[in-house]
Amino acid sequence: MLEVTNLVKDFGGVRAVDKLSFTVEENELLGIIGPNGSGKTTTINLISGSLKPTEGQIIFRGKRIDRLPSYEIARRGIGRTFQVTQVFLRMSVMENMMVPALSIPKSDGGSEADHKMRALEILGFLKIDHLRNEYARNLSGGQQKLLELGRILMLDPDVIMLDEPFAGVHPELKMEIHEYIREMHKEGRTFIIISHDLQSIFGLSKRLLVLSEGVKICDGTPEEIKDDERVVEAYLGE
Amino acid sequence: MELFVAQALNGLIIGLLYALIAIGLSLIFSVLKIVNFAHGECYMMGAFVSYYFSTLFGINPMLSVFLSMLVVFLLGVVIQYLFLRPLYTGAVERKDEYAILITFGLGVFLQNVAMSVFGPWTKKSPDFISGITRIGFMTVDNNRLAVSGVALLIMVALLVIIGKTFVGKALRAVSQDRDASAIVGINPHRMNILAFGIGVALAGGAGGLIGPIFLISPVMGILPGIKSFVIIVLGGMGSIKGAIIGSLLLGEIESLGSVFFLDPTRGLAYKNAFGVLLLAIVLLLKPTGLFGEKHVRME
Amino acid sequence: MRRYLLTVIVAVMVGVAIPLLLRAYWLHVAIMALFYALLASSWTMLAGFAGQFSFATMALAGIGSYTSALLAIKFHLPMWLGIISGALMAALVGLLIAVLVLRMSGPYLALFTIAFSELVRITLNAEYQFTRGDMGLTVPHLYATISKVPYYFTILILLACSLLIMGLLLRSRYGLFFRAIREHEEAASAMGVNIVRYKIMAFVISSFFAGLAGGFFAHYVGTLTPNSIMEIPRMGLVIAMSVIGGIESLAGAVAGAILVEFLQEYLRELEMWRFVIFGLALVLILRFSQNGLLYPIYQRLAAKRVEALSESAA
């Protein structure tokens, strides 16, 4: 479904991503792990269109997407969250949800009222519907993370890329988010998740990609990863 | 030919003064990460303070320039503390917007204060050294010589301070990595104050130096302010070397460019357009300029 | 909704009554206030809503002025047509600017638009064969009468229509997209918002209204010089009006413009000091009440509305 081939990204003299290649199948839940600065977020940025690759290609459902602007890629069905939560602070929770709903003309139409209903459903699912008229900046960090998830769901993408969904979140919320992801995955969506929280990610995904200094050093099941020498070295070496 | 050389020399002198202004702006950008939209007005204030020191108090014109630099430095410290500090203490929501609007607003405020207090009319500062000197086939008036000399002196002094002293190293540290500097014991807030103060003082010095050569007025800062933006974008935001080269380039382009117009009034009228056109083009093609770093967003 | 309509009706009634209350000089001030209100609100839409802090508004107004004036003088175009053409010309230039600044943000965009404005001003000054530059271009008046009343109603209607259009736009999904772009452009794009299209839209519409204001200005004042309308400090005045009234609402821009314009005439004896006061007000408000003077009032009104809603829901 998603093919990344020989992806390279240079920033001035620094090569953040070095000839990275991997594929993601439909309904997979791929985890990406690696020490700091290994190029994980850059990879997501390249796929989502926030950054343009120096070399290489990215193919989604048979079509190249690596030179497209990020809003076009979002339209085609790839959504992402950000490492530092990027909700629209001075807009209400409801307005935050309506932006992705209205930005993309949906094939099944749907009036604004329909979108609002759907937004309320999703907010209810995430247990933050009581906050719907609250300004996003008044939400706690954890609530903002949930809002980000909600926004992505409004976008209704086939592929969801989460950048550190568990970071800075207290254990209770972490479990909730864990469950939400699992449920969304069951619905048939494809996931790519970056996480430093090895415990959580091992529990969620059956396949992990390990990056170190922009290079893929391992691609396999959690068990294979744990035993791999290079992985241990990469983590200990930092 | 003579005209050409005379203009080229003129360009050099103007370039040196632009350099002082631009280095100041560049310093502010590299440490505080903001563009000081009031920079032209700080240049103007320096000119007026120097003027008043030398006419009202009869102080030696060159000394007045240095005194005015001190005054503008203090003004900068006050401005930094009152209005810019919140950017770094997390009190401001939209940092980029705030920085633009508040420095712009301060610039307009200073201009209007100058209009009210000093009057809108142009004035002329007393000469540094009167008379002229002959160099080969050319005559240069002594004021310009003095100005070039002092400007060079100040620039060299600044480069030495930044390069060799502890303070200079601290400034460079903060410009590269705020948090890391804080960890090793450098107070970034103090460095902010210092950088802003020195930055505007340099502009003020340029203003003081230009007093005897051209007329001063409350609106004299607008164009040089814009040109200093041109220069730092051209040379690269945050690069002092780039600021110097860019300034000399601009000085020459302006002086020589107007020579090529057939209609002298038009040539003169368009003189100021070169820099602005250059700014627009550079922003379009290579926003990081010739030598600079990428613009670091404040949040 | 009902409250909104009520405020609009009251505003209209006040607006219509003004010529009865004010005579020549103060009517002129009112006209200028509405002129600035049009400019300030167009800037608010571009900056306060869409986050594009452009300094080109006055230059675009000037383009509207000169286009309309020159069309009337050289080609004897009917002035109404001229004003619309001026607005369209400004919109076209706005389109150009928008495309050029697509990749710029923050200070870069500010610098570019300042540079652009200066370029326009310098060119208009330099090409004095066409524009009479600093000597002043004499522009035919819109109305044959010396009474200011028809001018007042003209600008009132222009302002009202503009506010209606901008208001509807900002309340619609497009307003939502604008605000998302201002909040966080990258996240907006990740949410599917076509930032290219909407940034251009914001510029073009804002420029159109700026040009419209400029066109009116030309045929009202009757003399045009590049420095009278396009200098950067005047842009600063418009920004001050918008900030003082509240940068995030059209009503704020209008209120700010009216307040500042009337105050500055009222304080005319203070001469230059009144601009000092405005400069100070701008800076202090930015520093201590970032959302303008009127924001606390909005907040209280909004809080009351939420209270009323939750009470009726209970």
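Each chain carries a letter (A, B and C) given by its place in the written order, and its residues are counted from 1.
Operating definition for what follows: a contact is a pair of C-beta atoms (placed from the backbone, for glycine too) under 8 Å apart; a residue touches a chain by one contact, two chains touch by 3 or more.
Predicted, not measured: the structure shown is a model, and the values here were computed from it.
A count of contacting C-beta pairs for B-C and for A-C identifies B-C as the more extensively joined pair. Of all chains, the one whose mean C-alpha position sits at the greatest distance from that of chain B is A. If you average the Cα atoms of chain A and of chain B, the two centres end up 46 Å apart.
The centroid of the Cα atoms in chain B and the matching centroid in chain C are 32 Å apart. If you average the Cα atoms of chain A and of chain C, the two centres end up 41 Å apart.
In chain B, the positions touching at least two other chains are 93. Residues of chain A in contact with two or more other chains: 89-90.
By the touch criterion given at the top, residues 47, 51, 53, 100, 103-108, 110-112, 114-116, 118-119, 122-123, 125-126, 231-233, 236, 239-240, 243, 271-273, 275-276, 278-280, 282-283, 286-287, 290 of chain C touch chain B in their complex. The touching residues of chain B, counted against chain C in their complex, run 34-35, 37, 82-83, 86, 92-94, 96-102, 104-113, 115-116, 120, 219, 222, 226, 229-230, 233, 266, 269-270, 272-273, 276-277, 279-280, 283-284, 287, 295, 297.
In the complex of the two chains, the chain C residues touching chain A come out as 173, 176-177, 179-180, 183-184, 186-196, 306. Considering their complex, residues 48-50, 69-71, 74-75, 79-80, 82, 86-91, 95, 98-100, 102-104, 133, 151, 155 of chain A touch chain C.
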